[in-house]
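Each chain carries a letter (A, B, C and D) given by its place in the written order, and its residues are counted from 1.
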Amino acid sequence: MATVRLLYFASLREAAGRDTEAVDSTAPDLTALYAEVAARHDLHWPRERLRVAVDGAFARWDDGLRDGSEVAFIPPVSGG
Amino acid sequence: MATVRLLYFASLREAAGRDTEAVDSTAPDLTALYAEVAARHDLHWPRERLRVAVDGAFARWDDGLRDGSEVAFIPPVSGG
Amino acid sequence: MGARDQGIVPARFELSGVAFDIAPLRTRLLDDRAGAYASFEGWVRDHNDGRPVRGLHYEAYAALAATEGQRIVEEAAVRFAITGVHCVHRTGELAIGDLAVWVGVSAGHRGAAFDACRFVIDEVKARVPIWKHERYADGDAGWLHPEPVAPAE
Amino acid sequence: MGARDQGIVPARFELSGVAFDIAPLRTRLLDDRAGAYASFEGWVRDHNDGRPVRGLHYEAYAALAATEGQRIVEEAAVRFAITGVHCVHRTGELAIGDLAVWVGVSAGHRGAAFDACRFVIDEVKARVPIWKHERYADGDAGWLHPEPVAPAE
């Protein structure tokens, strides 16, 4: 069991109805964590279109959850 | 016989020792005019490295001389 | 270039929540060794994909945007023979005509200045976690989430 | 681009015998339809081909330079999807760090802005009758007359 803080941005934030939340999860990796979160908030973004970041750095979907870390799901960017 | 005004720029001007001069010439075209001028002023630029302009527009070396026109021999440029 | 050999190429990326002046940023890139300066500015257009736009909003994941943007300008300093590079990206509310992003690059020669400037804006658009929210003249609004393999503009 | 379709792309080339401010020239290129602006500046470097440079002088065949420069910016307006293009080239005496040439281009998208800006400076360097006279730190001086097929910088 890890407690992580989730961050949501742009349309993911609107879909989730919040910009951050704390979750307790037994997910073995970030892929499984996103699946849990997407089911709970009815997020329609397929994971393949997203990137994931942990503690302000891009991470890999098969990375495990670190207790106390900050996890962000990153929809396609549109700066510039 | 045509009377033309010659313009010299950059190192051609220094080699000719003047920036302009009036010349009377029977040269049939601008190629022959440059040959005359190069011989008189000991200019060492081969014609192939130069461009020629008449009355403020680029011209062709086989153009004839127009009486009263302004002719410039253009060494390789180095602006920018 | 000497600057690169000496490992002292200034490379800086910043987010700005407010309008900023380019002039002093450009001045800091002036360098007696530099013969070339290329810059890019992204402005808010009055339309997008044929739809009239009234204004927009940029949201950023600030911590990650700052580190990823800094990585991009440092990559540019390594890949190209430049003497300095700086990029600033706006966040928050912008109106038509407002400056959204600026990139300035100084270099010994123009090829490297252009190439590095283009590299930075391309990479920023592709990699930095900033999202554009457009408001349209018809009252509609929405986030832009381009397809991963967007056609080159 | 709409601007090109309507045939109203401002395209301007000028010689300037004195230092000039870029800011008001850039402002004139602002356009609500334009999302991108690319600019290039050529600065007087403190060296050339390894030789320390103290200063330089630009001589122009002014009448021909003005018409050939104008032709180049008008070619750019036809070849690229831009909304405006302006180039100013200095003549006369310049010191290290002085601005020698400026090109500004506005466009709907960044690709055209970069491509047109690069086209204009490349063509100006190749075609416009302006000559650079450099003074070196060792007291020597001379005109620059590059080989016709100069290596790309």
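The rule we apply is simple: a residue touches a chain if its C-beta (ideal position, glycine included) is under 8 Å from a C-beta of that chain, and two chains touch if they have at least 3 such contacts.
From a predicted model like this one, the values you see are computed outputs, not experimental measurements.
Comparing the centres of all chains, each the average of its CA atoms, the largest separation from subunit D belongs to A. Distance between chain centres (mean CA atoms), subunit C to subunit D: 23 Å.
Chain centres here are Cα averages; for subunit B and subunit D they lie 26 Å apart. Subunit A and subunit B have centres, each the mean of its CA atoms, that are 73 Å apart. Residues of subunit A in contact with two or more other chains: none.
In subunit D, the residues that reach two or more other chains under the touch definition are 42, 121.
Under the contact rule defined at the top, the touching pairs of chains are A-C, B-D, C-D. The touching residues of subunit D, when paired with subunit B in their complex, are 42, 58-61, 63-65, 67-68, 89, 100-101, 121, 124-133, 142-148. Within the complex, the subunit C residues that touch subunit D are 23, 30, 32-47, 96-97, 108-111, 113-114, 117-118, 121, 152-153. Subunit A contributes residues 7, 9-11, 13-14, 49, 53, 56-58, 72, 74-80 to its touches with subunit C in the complex.
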